[in-house]
Each structure stands twice: as structure tokens, then as C-alpha cells.
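Which chain is which? They are A, B and C, in the order written, and residues in each are numbered from 1.
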Amino acid sequence: MKVKKLINPFLQSAEAGAFLAVIILGIVLTTASPQFLTVSNLTFVARGFSFIAIASLGVGLVIITGGIDLSVGSIMGLSGVIAAFLSSHGFGTVLSLSGALLVGVIMGFLNGILVAKAKLAPFIVTLGMLSIGRGLVYVVTGGWPMQGLTKPILFLGQGFFLGLPLPVWIMIVLLIIMQIILRYTAFGWYVYSIGGNDEATRLSGVFVDRIKIGVYVISGFFASIGGIVLTARLGVGETTAGNGYELNVIAALVLGGVSLSGGMGSAVSALFGAALMGILRNGLVLLGVSSFWQQISIGTVIILAALFDQIRLKYSK
Amino acid sequence: MKVGIEPLLKLKGIEKSFAAKVLDNVSFEIEPGEIVALLGENGAGKSTLMKIISGIYTADVGHISFENSTLILKGPKHAQKFGINIIHQELNIVKNRTVAQNIYLGREPKMSGFLGKLGFVNYRLMKSDTEKALALVNARQIDPNQQARLLTTAQLQLVEIARALSMDSKIILMDEPTSSLTEDQSDILIELIKKLKSDGIAVVFTTHRILEAFGIADRFVILRDGKLVSDVPAKSATYENVIEWMVGRPIQNLYPKTKVAIGPEVLRVEALSGGINKKSDFTVYKGEILGFGGLVGAGRSELMYLLLGVNRKKSGSIFLYDDEIRIKNINDAIRLGIGFVPEDRKNQSLILGQSVRFNVALAGLKQLFKKGLFISNNTIDRTTSEYIKKLSIRLHSSKQAVRSLSGGNQQKVVLAKWLLLQPSVLILDEPTRGVDVGAKAEIYQLLGELVSKGITIILISSDLPELIGLSDRIVVMSEGRIVKVLEQEEATPHQVMYYAGLNEKTAEVVNERNLQP
Amino acid sequence: MSRNGMKMIVVLLLAVGIVTTAFANGQGEDADDDGAYKYVAIAKSMDNPAFQVAEQGARDRVAELDGVSLEWTAPTAADPANMVQMIESYIQRGVDGMLIDSLGPSITTAINQAVDAGIPVVMFDSDNPESKRTAYVGSDNYQGGYLCGEMYVKAVKGNGKQYIAILTGVPGALNLQERDKGFKEALNDAGVDYEIVVTVPGNDDLTQSVEAVENTLRGNEKINGFFFDGPWPLLVDSSNLPLMMEKTAAGELTVVSFDTLQQELAYVADGTVIGLVGQKYYGWGYHGLTVLHEIVANGAKYPEIVNTGVDIVTKDGTGDAFTVEEFNKFWDNFSFNEKPIMPEDL
């Protein structure tokens, strides 16, 4: 049957679960709440999950190589605070942004070096960096929210372009870039290859260590972008910004079909996963569900997504 | 067999099949205090037989009796109750527990009374019992409270044997007990086996070091393709008999060697050392297949790792077309036109979850398929289908996961990955391991075509007929050294095995028994 | 393959099933009777018992009014971005008014969005003065700290120089700094000879706070006064604070603390703590909803800041203070004797 031919490759792709869930959830919410399917609501929802989605794009890369990055929440917070700190000390937009991005890159680089060269477990390294990053946030701010972001930076978070919020545009652009990197560059192939089999990749003449450092740097860089945009959206460099986001990011990736054992996933996974969580949150509020139940339903969906993935893998072999 | 002694264990008509028949109508007997060497090529069924005796597998057909009554084992624990213990090649030791905890793992002596019922372990008793067990294996120097990970492989082996003895063994089965030991360590083990014999304990062991077996075994039981081909007292066997029984089939005609004129020197290695390898020299010529023979652990793969920059060499020089080359990592080797098909297909060669196309293109991505920043999927598709056709890889689609292919086709994918780089030297480490007969023949054919195109091949193989049939010359290694280079005309399985097992200790046995081929 | 496809769809339906069950349950539990006025209250987080008291206050006031429904919610952790998302979602849903506990300047723009959309926003507990919020209902932290200081002065009058330690929560928190400022000001005004030896943070964590108190006392023997600008150490059993208990029993240490949570009362009863000054948690909800509803339904005019005042608890209950027994009864009945604050009362 023709329909089957069309559907099967789709079912075999890792994003299928999250995509279907987004569609079904969308239908359920549209019938249940008249406010759901409105341009303004969807715009807010998209902006709401864009920060997580941006960070997920970077972490996704790390997870595909078989690693993990727990430090993104802290890097997001730190970058935002650094941007606010530099702005408020009169450094101007370009220097403030560069400084904030540089911090993300440096932290990612340290993660990468420690994982690839010192052969430490990624979980431990990035857990340490999570703590260091959050500590630095307090060092920079002294516990106070930092104000004084420049107008152009604020625009990154609060502005609109062609009717869409800027964070959503940034997310879309980064998504396209990441998808191209993964599919059309040697670097992207190596990322999958390392996640599938580290040793075989090394013996095929790939500088595995460099690629590994690269993915942690990219993860730090993307977290930085996410953090800056988040801070710009809030208008303030908050000490708690991004706190605990690493778990949301990982949850989004798992929902999107990225396998934590590496070798599988895509940029689109990150988007669908983050979207699913964002829509779920929004929908639960629209329907007047208590926060307690929101937690429970999000947890349930994560587990079900993993279960779905397991079943999918079993049959696509 | 001496008359009047009742056999301890009798096996009659044992058969076992997994996908194919692994053991076919095997019968033999073991007497108390007898040392039996179970010999055969890889895949002959030795390990399966050991596992059946020790209760890990049950035979499909056949009868086992132990001390004159029928024995039906429910598992290895059950076998231990009868005094049958097995020591695996991969030692069964929990590295982060102490020696005593390992020896009594799962049967820790409990304290007396109520505390014992709660599960409290009597450490003092466990320690003193461990000391006794270690004394039995002449290993008093091992501290029962030492963490197992701090011991050498040889010491761990002794701990395993001590564990077996602490369970009142009557038969101890050892699978390749000396494969990971050095000479001196093997000696200690051999002495111990002799001591066990004098205590009336029967030992059945497998080994690839046939000369070693001549040194200790009372009897040889030889398996080939699951059948028992010989069961003889060691004293009446000659080295030649044993090899013939093991290999047993006509060799030459399976390997249609295409004769290629040998050209000028391509690769020369001088005094290469590092790791277990000591000062190795060899030279390969254009159009030649240079075989590397030796036992597992002789350092053949490791020598290639030094050559390829996978492991760091300590000293030595490498010359390509007479120019000295510096190889810091495998990437350098690839750039210089050296390809490498590693031994372990699943762990060292393939990304199993990815497509055939992905795997074929992986090594050539940078050199062949990159246009500017991006890779050209069109070129990849074209090249992939070209090589799939060339090597007649059987599949539905090049997007199919490599995991779903047969072993032979998987190996062809690996070959395709390297061939599209058009190497001038191709190093193949056990290229036909786990490959069915049909695909083997195709791979042999392919190697012939490659050399006739002027590619130089280095072939490591433990399959003797294959090694001898394909190679122009055979380098034989033993314990990290090159001990002999044989020309094809003079190479026989006996020769290769003889040199592969040659070291100072076995040389004595060779002289005593006049075993030289 | 179609069987496999079926299986996957079954799993997905299961997922949707569970989620919608969650909706149904949640709705049954949370939504009050539908009324003409729909309000939402967003607290700082779900994990603080003070907000349960506030919620009770708000619900009690809802019960007193006609045709009012209230939804009480909070981000699962104190995450400003999450709060912003919630506010945006409620704007989409179109409620009649919002009661919000500010998580800092980050939510300013979201509050402004709501006000711009014609939804009055009343802040409680933490204010957001930079925003266009309609009003703030809460206690004056400076005033509370000042009252603590006055109690302290009365207790130590004529005892010589005071070496005082302050236990705070997360360093830099605005409301806590206000309390500390009020406390010191009261001592200055009374002309007490004192020195603030150290300000130790307990990071809003009970264990860390207990350790901070005990370690400070152990490391600094001359300390004879302690001001807790939050309730943390007094929320655990006194056996965790041996040194503090020993010193207060011997009359070598004077302790005053902020907040009037029920666990703290025992420390006043046995004389360990000379007095408590507490924000009106119940009042946050009760008065917050009163003010919000009066503005929405009746167009009432309130000042920008509506002070709910504070509760004081001492052992003897003289003056404005409650006794421990009186206040315990409030907690037992979960009713704090509040009357609605009308604009004309102010």
C-alpha cells in the first residue's frame, strides 16, 4: 500500500513520537480550550519554549556523541548575568554579547578538554561545571538581579520581527544551522559515528578527541545564546535564571527521540521535544490544571516517550 | 588407559546444536588424577564441551555418568556440588572485592547463632579458610584481604583455582589457562596442575600452545568440527599427528592463489618496539601478501598498532618506498595510503546502528567527499553503490543498518570503506573471522584481485590453512618477537605452530621429545 | 509492519489518555464554583507552607463573597521564566484579575502585559514596584525588623554592650535586608551600645541554618544576641540547637526572630526566644483577594501600597502582642481573625 510506504519511514525516524504527540496534544487542546489555537497564544508558547530549544540543540550534539552536558543551565544563567553586568558597566552591545558568548565557549571548552583528554566521565565533569557556573553567577551578581541591558540586547528577547518574537527566529535559524551541520558536514557525520562506536571511529582516522571537544564547545555556545535571549526576555540578569534547566533540556531531547546512549537523534528532535513540553505546560494552564498535576503529566509524557522509542527501535531493526 | 581404574567421568554420544551442530557424537572418559589436554582449532567445540561438563549447557543428546551413576546437571552451581569446577578464560573475579570475598562469593561462611541467621558473615573464619585454600595452590604470599584488582592475572588464576579447591573439587576444567600468562607464570601454573594430579584431582584444559600440552598432559583428546577425531595417550603422539588431527583437511585447493610477480620493496619496518613488542623487523614487497602467524597474544595486532600509530611506539623506524615516514596517529597512516581492517569487526570497525552508506563513506569523508564546507551526498551515493556492486555486498538498500547484514557482508562493508581510499598497503587483521564459507571464498578472491592490481597486503590470521594458502611469506611471532619468516613453499601448519609455540621453556620439551618438525 | 504501527498508536493514545485524566482530575480539584469573577493567584513556588496559609486566606475570602472563583497556582520551582510563561498563558485565557507574588524584576514586563490587556494585577508578599501593577498588599519588612529591634532593646536594657549575630537566608534578598535595616535602626534609636559581629547566610535551608547558628555561637563566645531575619532554625526540634538552648537558658544569649509559624511558638513558650514578629501569610491571600475584588468589581481606589500590618507574639502577650496560646489557636483553626480591609479604612 502506498500510504504504508509513506508512513513507515516516518515511524522509523526518531522524532516520530514527539511529532505525533505534538499533533495529538494540539488537537485535544484545540477542542478543549478556545484560546489555544490563537496566533497570540501560540506565539507566546513558542517564545516560552525557545530558550530550552536553543540550549537543547547544543546538548543534543553532546548526547549524540554519547556524552551528557549538565552544565547548560548554569552556563545559561552565567552568560545572561555577564551580558547584563557588561552592559550595565557601559561596555555596549557588541562587547557585552561577545563577553557573554565567550564565557559559554570557555566553559564548554573546559568540559570538552576534561572529557576528551583527561578521560573523565562527562556526567561528573559537567556536574562540577554546573556548580562552578552557578557559583560564578553569585560572584558576579552578589545575589542581586542585574539590570541595565542595552536596548539592542533587550530587543533580542522582547522584540518582534514579521509578527514572530525574536527568540523564536533565533531558535529557527539555529535549528536550520544545526540540521545542516549534522547532515551535510563531516563534523556532523563524526558526531553520529562517535556516538555509535568511539573506537571504530578513531580507527577510521577521525580525531575523536577534537570532535568531542567541539561538541562541548558548541553546547556551551548554544547555552550561552539561550541564556542571553532568556535574560533579554526577562529584562534582568537573574541569579536563578536557568536554574535546573539542564533537566528540562535533557527531558526535551529524550521526548524528541534522542537516545541517551548516543548515536541517534537530530536537531529537529530538540525542537519537537521542547515544543511538546512547552505546549503541555501552556495547555495545562489553559485548562486550569494545578501545578502539581502539571509536574505529574510532564513526567508521564517523558516516560511514555521513552517507552515509545523502545518499541519503535525494536521494530525498526 | 590403565586397566583396573574406574573412570571418574564418562561421556557418551554427546551432541549439541545451536544454529548448527557444534558437538557430534563425542564420547570419552576421564580418570581420577588424570590430566587431559582438549585440543582443536577455533570453533572445534572445545569450549562447548567444557561447558556441558560443568553444567552451563545441557547436551541435546548423550549420557554423562559420574562415579558410575548418571549425572544430570541443572547448572554450574549444581556441578560444584559434585566437585566439578570450571575456570573460564575470562576470569570470574570481582575486582573490587578482596581475595577472600572472591573465593567465598555467594557462599560466605555465616556467623553462628542468631547473627548468622540475619546474614552476618564470619570474616575471621572466611579469612582462615582462604589462607588454607591459598596454601593448597602454593600461594601463601597472597593476602586474603588484598583487593583482587591489585593482583596479577597469574595470581588471579591461582585464586580461581584456590576457589575450586575450596569446594572439594574432583575435576577442574580450565579454558585456555595460560593464554594470558607469561612464560614464568605458566610454569607456576603447570607445576600446580601436576600437584593437583598427585592429589588425585583430574584436570581438563584447553590450549593453543600445543608444545605446552606435550609437557604436562597424560592424554590428548582432539576435536575437529565438533567430532572427536583422536583420543590418545600423550606419550604415543607426535607433534605431526596432533596438528594433522586438528587441521585434518586438504588445504591447498581452497585458496586459489593468483600468482603475482613480486615487485620492489614497499614497506620496511626496522627494530619496532613498544608494549609487548620487541625489536621487530620485516619488509613487504609490491604485489605480495605477507602473512603473520602466531598464537593469540603473540603481539601481531599490537605490532600493527605500533606501525599505524594507534599505540605509541617506543623506538624503531618505518620506511615507505624507502623514505622514512613518521606516523603519529592512524590519520597519518591513512594519508600515506595505509588501510587497516581491525580484528574486531563489531567493536573496532563498524558503527552498527548506522547505514551501509554511512559506514562505507566514514574513512573517506574528508579526502573524497568534501566539497568546501559540506559533504557531497551525491558523490557518496555514487561511490557507495559502485563498491557495493564491486564487492557484491548483498543488501536491500544502502540505507539499511549494517547491524542487519550477515558477518560476511559486514566485513565486505569494512573492506569497501578502505578500498575506496585506494590504499597502497592494506593491513587485514583476522579478516575472515566469523564469516561463512561462501563469503570467505569471495574475500580470498578479492585479495587475489587486489594484489594483482599492485596493492600490498599484510594478513594476520589464526586460521592456518588460510594463512598458508594465501601468503607469499609468513612471519611467525611468539611473545612479542618475530621468531621466523617462512617462504610459502616451506610453510606447513606444523612449521607455523612449532615456531608459534617456541620459547625458552618449550624448547626444552622440544629437545627432550625430539619434536622438531 | 502495520501491527507495529498499531502498537505505537496504542501507546500514544495511552499517553494522551493519561494526560487528559490529569486534566480532568486537576479540574475537579482546583476550580471553584464558576462565578462571574475569575481570579488567579500565582505564588512564588509550590514548596513553601506559607503559601498554603495564604491560599487558605484567599479561599476563605472567596467563600465570603458571591460569584467569585479563584485558581491558586505556582511555578514548580521558583523560576522567573516559568512564572512569566504562566502569566502569559493566563492573559491568553482571559482572567478578571491576578494576584501575584513577584519573583523579581524579571517578571516586570509580563505584569505590564497583563495590565495593558486590561487585567488588574495585585502583588502580595513581594512587590514589583517598577511595574504597572495595580497595588501591593503585604507587610512592611522594615517596620517588622524595627519591631524586632524594639523587643530586643526592651529585653537587654542595661546589660552592657551587645555583640549581635544575624542569621539571614540567601544573601542579598531585598526583603531580608529591609528587616535587618529596621532591626539595626531600632537599636540605634534606643542608643544601645552594640556591634553586629557577623551576618551568616543559611540559604533558606533548614539544615544549613541550624549549622550556621550553632557554628557561629561555638566560634564566637562573646556573642550575646542573635537576630533571625527568617524562621529557619526555629522550624526544627530544639535538640538540634544544643548550644543555643544552653546559652539562652543560662541567660547569656537573647534571641528574636522573624515570622510566627506554629513550630516557632514553642520556642517563645519555653523562653528561648523573647518574641516573634510575623508577616500575615493568611492576610496575603485574604486581604490580597479583598483588594483585588474591590478594585475589579467595585472600582474601589486603594493606595499603591496596602499595609496588612504584622503579628507579634510574646510569652506574656502585653500590648499589641498575642500570647503563645492565642496564636496557637489561630493556627489550629487556620483562621487568623482578619477583617476585610476596605478603602475607607485606610
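One rule holds for everything that comes next: contacts are C-beta pairs under 8 Å (C-beta built on N, C-alpha and C of every residue); 3 or more make two chains touch, one makes a residue touch a chain.
Remember, it's a predicted structure, so these values are computed and weren't measured experimentally.
Q: Between A-C and A-B, which chain pair shares more contacting C-beta pairs?
A: Output for the comparison: A-C.
Q: Going by CA means, which chain is nearest the middle of everything shown?
A: A
Q: Go ahead and note the Å separation of the Cα centroids belonging to chain B and chain C.
A: The computed centroid separation for chain B versus chain C comes out at 71 Å.
Q: Could you give the separation in Å between the centres of chain A and chain C, each centre being the mean of its C-alpha atoms?
A: Between these chains, centre-to-centre, one finds 34 Å.
Q: Taking each chain's centre as its mean C-alpha position, how far apart are chain A and chain B in Å?
A: Once rounded, the distance between the two centres reads 46 Å.
Q: Enumerate the contact residues on chain B facing chain A in the complex.
A: These residues of chain B touch chain A: 310, 329-331, 333-335, 340, 342, 347-354, 358, 361-363, 365-366, 369-370, 373-375, 377, 401, 403-404, 417.
Q: Would you pull the chain C residues touching chain A in the complex into a rising list?
A: Touching chain A: residues 1-2, 4-5, 7-8, 11-12, 14-16, 18-20, 22-23, 25-27, 29-31, 46, 71-81, 84-86, 88-90, 92-94, 103-109, 170-173 of chain C.
Q: Which residues, counting only chain A, touch chain C once they are in their complex?
A: Within the complex, chain A touches chain C at residues 4, 7-8, 11, 16-17, 20-21, 24-25, 28, 32-33, 35, 38, 40-41, 44, 48, 51, 141-145, 147, 158, 230, 233-236, 238-241, 243-244, 278, 280-282, 284-297, 300-301, 304-305, 307-308, 311-312, 315.
Q: Could you list, by residue number, the parts of chain A that touch chain B in their complex?
A: 180, 184-186, 189-190, 192-193, 196-197, 199-207, 263-264, 317
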